[in-house]
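Once you scroll down, you'll see the structures, which are given as structure tokens.
Heads up, the next two complexes both have chain A, just with different partners, chain B and then chain C.
Moving on, here comes the complex of A and B:
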């Protein structure tokens, strides 16, 4: 079998095999899943090192073939997908609260296979096939992770939001394919589409909706915080934190610079979308009181940086966006894993019930510190470098406002991680947590690996940029200059100022909150105007899904239902009405009056003669 | 006679005449009658499917019975007719097998079997007829059979629904007859083979379209289908939703897809009618609370997608529409059979009285979910490909309003199916005593249909190659 098929077929086969294994076996399911994901990872690494190859089968006819290709960007993405799958399957080995182990690993492997397929597909139809196929497993992943009704509801919400935007993507793909005359992305890239006429703008916007919604950007993000409370930590670390971001940003980059040549307006749209996502989500994240829910809003907010980076449309910004994509997946996965192990060991994710756990769980705490510093953009960790690239790209476009918005986002990010870290790992340990111990090794291993990557990609930012990001830019046909290196320039000093401001804010919040770390955001939470806005947001007034379900779908469907009833009424009454009218009219003439019959006959004869003879 | 021609003739003659022997078989014993009916169904399916090899090889088979004035009975097996015959005979055969258990609780079983088989035979005759007049004759025969089947229960309400069904469809059929007569006077023949590629006048096309829309339950003649689905048993509503409504679609493909070159304005009018039909019925499916009515509305809405593919005027869309017929028949069949199990075990059709059934009926629930996914067009199910191709063709057609209408229609499809699944299987249990799972044969048949939907997605190369070949060989005026 061709090597390129292994990352797709092996997980599917293993997932199906899992279903045959009894739920009662102890280690078999876990080991099979781990083995399958590690072998896929090795295959992916092998593919990454080999020169680009292509595999093509006849498929739907009409020029639609099933084409997989490992150009450097796709191979990089495949490697990332496989890495996260392997890490999460190891992490989940002894993680509780993931629902039925059999179905958890089934969903994990299926998600891995379909994500790998989407990453490798050169043909947009094949990509759509894998991309949309993820929907099923997204639903089952969430729905089966907990027994609660809320899990089913959130699963439905996630499914519907993604299904609708996937339909937009489908429509975008068919229009793009029609305009370009081919569905092959590499062929389109030789002759890129422009946004000069309506159809291509429409097509790009639909592709954009599909991509940013998968990445979890505003306003399609609302299922992610809900999933944080209603599903498991491994799921959060895997799908919303890693796989969805990877695929969404990957295709956003493909669509924005590989398939289409964008204009200034669209650049502004993208950058605005990025900035709004950063600010809205980080404002929400800052005031959260639950470990996973707080992280989930950051998962949304960080997407904004990637979109902002790609939206700059210059190589530095795009490199930053892609670099941030992989960095974010690393530290956010790591953070969700720390959340999972704290939940497992301490039994809760509620910030007000946690505290002082650093002593009890030093490795988890250390991993948290590294990942939290990375997401906050503290030098010299990986998040710092990718954010620097994005800032630089943003400043190069001349729109300083977006730069300021992004820095404001950084400030709030750091502020909320100060609050989170302080309330979970430092301060006073509650009575109930006196006996808390460190998480098992299988959970620590992937956590440490990711924390290690955060450090390695920071100190040695040269390596990932050289190995992954530069080749990816080349795959997108972008020319670029030097992308790495640490400069103590203005940007660096701005970041230092942001750090100081965040620390200051935290101390202010502590003072205002009576020294309780979990209340360190209250001075902003309950500030005038913001207080009301937050209250509305908590009631999901700004949630696009709830809005549509409450305010749009019922009246529209009711109106359509009424239209249906109208047609039903017309079908039922019009024929009998017409018949009644005709028979009533004719029966009135049949009244037995001889002169009337004679008059009608004569009149009829006259009309006949006129018709036949008179008018000719 | 060659073997293919024999097969062609028997595929029509055996069920049509066999239907009249069912009452005689019933005299012998009930098992004999049941076995005889199922055998007739299976035989018809195998006879139709045996012609697949012939038509894939690029050949056709024709059998003619001469009548004066060009009214010959011509049975013609080409790629389109064999495809349609195989799909509908397959679903009908499954219905017959499923009926063995399902219908055994009711009266008038002999009439039921006779009418289903007669329906199947007339359907075969209609599909294979290459003469418009004979198409009309078989068309009315299917209408008669469906009238008896909808009125299977004899209460006033059921009879009223049955009368509505036949009055609406016969009204349409008579309009179509007017159109056929106009074609006869314009061209002097009703032989579809010699009419291939000729033009048709707008008025005649309009009259024929009224017949097609009324049979396929499309706006403004759509509401007989949900009504017909309520009164009788699920099995007959399945027969209507998965097979009978495809007659109109088939006639459209046959008359305007592979015979006449339809006027441009006519095709775009059909697109708008179909778009409105997709939206209106999807809206109704979101409001209604009767499980079978919702699925019937869903059929109306999905039929519109088939019309979208047929009327878009390009090869991609046409091939997509053919695949849509296949995928929809399988998936909708599965949904109706699931609804049958649910209705029989919960003794209600109101989805508000269900809820939480997944824990007690997991296999039915899983099959229902899989079939729903196929109807929604989610990969890796077969429905994805048909939806994709139809959309792709609509994009090529280049009409933005039509594309948007169907995009909204597809979104609403998601909504009403998710709502239906959620209300039945998840949600709060509403005062029922956790009904049991269906019998093994019933559950196996729904699971089989669900898995066929999955297999069609995995092996999409074969059906799509067939549809593409068909489109290339037979399509008229397609880009």
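Moving on, here comes the complex of A and C:
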């Protein structure tokens, strides 16, 4: 078998094999899933090291062939997808609360396979096939992670939001393919489309909606915080934190740089979308009182940085966006894993009930500190470097406002992680948590690995940039200059100011909240104007899904119901009534009377002869 | 007269004469003679038509116009099913057992004569023979319903004979000949419409009355319902089709409807066909008696054949011939099964039956197959013939007719659904509790016919080839 097929076929086969294994076996399912994902990871690493390959099968005809290709960007993405799959399957080995183990690993492996397929597909139709497949497993993943009704509801919410945006993507792909005359992305890139006329703008916007919605950007993000409460920590660490971001940003980069040549307006649209996503989500994250829910808003907020980076359209910004994509997946996965560990060991994720766990869970705490520092952009961890690249790219475009918005986002990010870290790992430990112990090794291992990556990609930022980001930019046909290195320029000082401001803010909040860390955000939460806004947001007034479900869906479905009743009446009641009348009349007529029959026959014959004889 | 097929006329006639003498003291011999005669004839016909070499040759070796052979085979097939069924169905003490078989064989001989003859007078003679035997057969069991049916059949169809006689007389005067070919030649010449076309129209009217086309249909329900049970299968399955519908199809080809000759007549025939389809289907919806519903369904199905005949294009004629054969298969099955039902459950009232599939699975499922074929459900044979007819209508630009024909085919499905639910499926009725499956010999004809239905449907390409040969030879 071709090596390129292993990361796709192997997980599918293993996932199907998993279903055959009895639910009662103890380690078999876990070990099979871990083995499959590790073998896939090795294959992905091998593919990454080999020169680019292409595997093409004739499919569907008419220029639509099933083409998988490992250009450097796709190979990098495949490697990342496989890495996270392997890490999460190891982490999930002893994680509770993930629902039925069989279905969990089935969904995990299926998601891995389809994500790998989407990453490798060169043909957009093939990519859509895998992309839409992910939607199915997104639904089952959430729906089967908990037994509750809320899980089903959130699963449906995630499914519907993504189904609508995937439909946009589908339409966009069809239009793009029609305009370009081919569905092969590499062929389109030789002769990029421009946004000079309406159809191509429409196509690009549809592709954009599909991509940013997969990445979980505003306003398509609303299912993520709900999933944080209604599904499991491994799911959050895997899908919204890693896989979705990777694929969404990957395709955003492909569409924005590889397939289309964007103009200034679209650049502004993208950067605005990024900045709004950063600010709205981080404002929400800042006031959350639940470990996973807080993290989930950050998962949305960080997407804003990546979109902002890609929206700058200059190599530095795009490099920053891609670098941030992989960095974010690393530390956010790590953070969700710490959330899962804390939940497993302490039994809750409610910040007001946690505290002082650093002594009890030193490794988890340490991993949290590293990842939190990385997400807040503290030098010299990986988040710092990718954010610096994005800031630099943003400043290069000349739109200073976006830079300020991004820095403001950074400030609130750090502030909220100060609050989170303080209230979970430091301060006074509640009575109920006296006996809390460190999480098991299988959970610590991937966590430590990711924390290690955060440090390594920070101190050795040169390595990932040289190995992953530069080749990716080359795959996108971009020329670029030096992308790494530490400069103590004004950007660095701005970041130091932001850190100081966040610490000050935290102390202010602590003082205002009576020394309770989980109340450190209340001075902003309950500030005038913001208080009312937050109250509305808590009531989901800004959630397009809930809005649509409340305001649009009931009248539409009522109208459709009425239309259906009408058609029912028209095709059921009316014809049967009419035929009933007619057949009733005919049975009354056929009464067996011989003279009547004879008269009918003779009259019929007479009319017949008259007609044939030419009488009109 | 097609000399090659004369034996198929003479042998049953000979047996019919023989039976009263041979079986005088041993009535069972009558069964044996009748069945053996028909079986031998059928085997012979199958050998003629279905030898591998003939099939491989695209049926080019079929003697005559191929239509005669096909119809003789249908006559023999239905006749065999009816006699075989009767042999086990008739009560032992029935006084006129020998007469019954003689009449059946005579009617088969007459039908063979009808489909093989080449001139109008012979046609008329055989049709009258057929009518007389039918009157007698209907009253086999001396029931009041049978006698009423026979009288209605006789009185309501006698205008037909008169009209045919008048038409033949006009032919004799204006054409000087009664052969089919002289009419064909006349119609292909450039002569203006005149007495010949009028005479054809009268003859056509006679045959339309005999086919039971609306508004001349009033005798059919009573005749079919009242007649002795196996005879109703014989009558509905083949007799009225040969005595009426076959002649309509034949006349339609002779009058060259496909050339646009006798336009007014063609349109009128098509209209009557559609009217039959509609009235038959709508009237069938409300019937409560199994046999009466089948009778109205028969009117509706005859409408399809007449409609196609009125159109007269090669495709339509192919459809008409195919539907004629199909009608013989499924109507025979249904009427024989209704006889079985009557025997087992004691009634054919659909309100009293129900859940019969539990008590009589073979009868029920063969009926369901026949019903589905009648309603035109693929891949059964009835689907293909209706498809050909509707396609032919559509191709000729008669879209309204095509759509209406399709719509009423849905109504057909509707009334058969009603029948299926009321009679065969659903909760077990007291009648179903009482009754049990009839014996295997009574089932054999229905099973055989179902086999033919399924085979014709699945092997449609071969049959299509055959019907194409027919259409090529009769439309020359």
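Operating definition for what follows: the second predicted complex is superposed on the first by the 555 of 616 C-alpha atoms of A that agree within 3 Å, B and C clash if a C-alpha of one lies under 4 Å from a C-alpha of the other, contacts with A are read in each partner's own complex, and residues count from 1 in each chain.
Just so we're on the same page, a contact is a pair of C-beta atoms (placed from the backbone, for glycine too) under 8 Å apart; a residue touches a chain by one contact, two chains touch by 3 or more.
Keep in mind that what you see is a predicted model, and the values were worked out from it rather than measured.
Undergrad: With the two structures laid over each other on chain A, which partner does A:538 touch: chain B (first), chain C (second), both, or neither?
TA: The answer is neither, since A:538 touches no partner chain.
Undergrad: A:590 contacts which: chain B (first), chain C (second), both, neither?
TA: A:590 sits against chain C, while chain B stays out of touch.
Undergrad: Is A:196 touching anything from chain B or chain C once the two structures are fitted on A? First, second, both or neither.
TA: neither
Undergrad: Of the two partner chains, chain B (first) and chain C (second), which one does A:563 touch, if any: first, second, both, or neither?
TA: first
Undergrad: If you stack the two complexes on chain A, which partner ends up touching A:611: first (chain B), second (chain C), both, or neither?
TA: second
Undergrad: Classify the contacts of A:171 with the two partner chains as first (chain B alone), second (chain C alone), both, or neither.
TA: So A:171 only meets chain B here.
Undergrad: Once the structures are superposed on A, label A:602 by its partner contacts, choosing first (chain B), second (chain C), both or neither.
TA: second
Undergrad: After superposing on the shared chain, does chain C or chain B touch more chain A residues?
TA: Ranking chain B and chain C by residues of chain A touched puts B first.
Undergrad: Which of the residues in chain A end up touching chain C in this complex?
TA: By the definition above, chain A touches chain C via 579-580, 582-584, 586-587, 590, 592, 594, 596-598, 600-605, 608-609, 611-614.
Undergrad: For chain B, which residues count as touching chain A in their complex?
TA: Against chain A, chain B makes touches at 164, 167-168, 171, 219-224, 227, 279-284, 286-288, 297, 315-316, 319, 373, 376, 378-380, 384-385, 387-389, 391-392, 394-396, 400, 403, 407, 410-412, 414-415, 418, 422, 426-428, 460-461, 464-465, 467-468.
Undergrad: In their shared complex, at which residues does chain A touch chain B?
TA: 57-62, 125, 128-130, 132-133, 135-136, 149, 152, 156, 159-160, 163-164, 167-168, 170-171, 174-175, 177-178, 199, 202, 553, 556-561, 563-565, 567-568, 570-572, 575
Undergrad: Touching chain A in the complex: which residues of chain C?
TA: Contact set of chain C toward chain A: 148, 151-152, 155-156, 159, 163, 198, 201-202, 205, 208-209, 215-216, 218-219, 221-222, 264-265, 268, 272, 279, 282-287, 411, 414.
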